[in-house]
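Here it is, the structure in full.
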Amino acid sequence: MNVTMQMMEMHAKDMPMPGMDMAMMQECIEACSACEQACTMCADSMTGAEMAKCAGMCMNTADMSNTTMRMMLRPHGMHAESAMAMMQASVAMCTACAEECMTHAEMSEDCRMCAEACRQCAMACQKMMDSMKSMMPAE
Amino acid sequence: MNVTMQMMEMHAKDMPMPGMDMAMMQECIEACSACEQACTMCADSMTGAEMAKCAGMCMNTADMSNTTMRMMLRPHGMHAESAMAMMQASVAMCTACAEECMTHAEMSEDCRMCAEACRQCAMACQKMMDSMKSMMPAE
Amino acid sequence: MNVTMQMMEMHAKDMPMPGMDMAMMQECIEACSACEQACTMCADSMTGAEMAKCAGMCMNTADMSNTTMRMMLRPHGMHAESAMAMMQASVAMCTACAEECMTHAEMSEDCRMCAEACRQCAMACQKMMDSMKSMMPAE
Amino acid sequence: MNVTMQMMEMHAKDMPMPGMDMAMMQECIEACSACEQACTMCADSMTGAEMAKCAGMCMNTADMSNTTMRMMLRPHGMHAESAMAMMQASVAMCTACAEECMTHAEMSEDCRMCAEACRQCAMACQKMMDSMKSMMPAE
């Protein structure tokens, strides 16, 4: 069990939503971190004229993944509606970035691997968001 | 006219949505930047036990504002649906942060000023998002 | 006088080094912010094969400028030696990025403008660092 | 072997310094990432009046660790002198943050764990910097 996981468990009680699935959140944090790293590398390696769109989308995805990750690391600052909206935005961006990257997957191993990290991140954020939504009081 | 504005105008043609209001986007970028700065300072100055929530929310808002700003600064990476979702998340977070900050506005000048920067950012993001939405093709 | 400047003046007393030149720090914050924005745009616009180095350096400069700016916005977290080391790193990166950008200045207006923002940031960080160094107690 | 490691090995040839120790760089990336996460959580959990310094330093350390990590993830943007200066700044900040956190280690488990992550990051950055320095041509 790594340090972040230990600290997250210690602070489960500080989350404004009781019963939050901290293991699922931890998986989501790791998927965001892996996605940020892959997208940062993929953006750095885009060298052809046709790659400007891919590089720009990867940079956006890297920043959004980092921001989503940091939000989950702040139990005291957790605002459920905003966190779910951020995850929703991450799902949209990661999905679009994975699609763009896959169009170059045959010629670029970076893009193929980055697309995979984006898909994993989109799935983890979707799962986390669904879990949080199910815990919200009915309006 | 500052450097960012000149660069943005030069790249208006690279935006995937023709006719994007670059002056409005520039105002939104400035509101995001001001909000990031005010929230970073407000989070640093929270010193009382009851201030953990305020500090955590301010740190989230600072990160989200920076990410939203950077997305607007990347015309080639612009993905309209994801950008609008990010703005939506920023509106939610900035509004919640402004509300939290206002509960301490009488005892903390930082919180009062930070709340104002958050409200400005929420309004600018809402306006930008509405403008983009009106340009989307009907489904 | 903008919000950040007002908040900075309010917190001059919280800086661990008495007599810090807050107006100079404010100029440095603005130069870092402008540099982050210009570098983010320049990295997004690099589309040729020979531009990978320029894009990568611009992304590094954008991240470093943001980090340097945020450090100055946190009077309570100010650790003079680390802040000066960060400024030193920013001077090195901004200078190298400006040089790289200038090699494409004739064919890219982005690069010419970005180089200028990098030089301004390097100068502002150098000035701030020199001022802080002059205030350190002799060892 | 995770995705980042695979991508890093693929791009070892793009590093401007031939023979860079990619396994050591990978360890440094992981230490920076762990430090960013621990510091983000520690800053969020600081709730007492005497904790403003600790929170501010943790936020600085989180931002610097992320920036240092991203620089290592960009082989095309690698500028050796600037990267070493950034690592030097990270060593200074992580060491100062670990010292500050340790003064609260008895009353805060967050601070104890965060201090440990900071020390690991300082060591990894020092090691990486020493390795790069040994490869620089004598002036």
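Order of writing sets the chain letters: A, B, C and D. Residues in each chain are counted from 1.
Following the convention adopted for this analysis, contacts are C-beta pairs under 8 Å (C-beta built on N, C-alpha and C of every residue); 3 or more make two chains touch, one makes a residue touch a chain.
This is a predicted model, so every value here is computed, not measured.
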item: Chain pair equivalent in interface to B-D, over half of contacts matched, among A-C, A-B or B-C; value: A-C
item: Comparison of A-C and A-D by number of C-beta pairs in contact, larger one; value: A-D
item: Inter-chain centre distance, chain A versus chain D - centres from mean C-alpha coordinates, in Å; value: 21
item: Whole-Å separation of chain centres (CA-atom averages), chain A against chain C; value: 28
item: Multi-partner residues of chain D (each touching 2 or more other chains); value: 40, 44-45, 47, 52, 55-56, 59, 66, 70, 74-77
item: Chain D - residues contacting chain B, complex; value: 40, 43-49, 51-52, 55-56, 59
item: Interfacial residue positions of chain C with respect to chain D in the complex; value: 52-53, 55-60, 63-64, 66-67, 70-71, 74-79, 81-82, 85-86, 88-89, 92-93, 96-97
item: Residues of chain D defined as touching chain A within the complex; value: 2-4, 6-8, 10-11, 14, 29, 33-34, 37-38, 40-42, 44-45, 47, 62, 66, 69-70, 73-77, 109-110, 113-114, 116-117
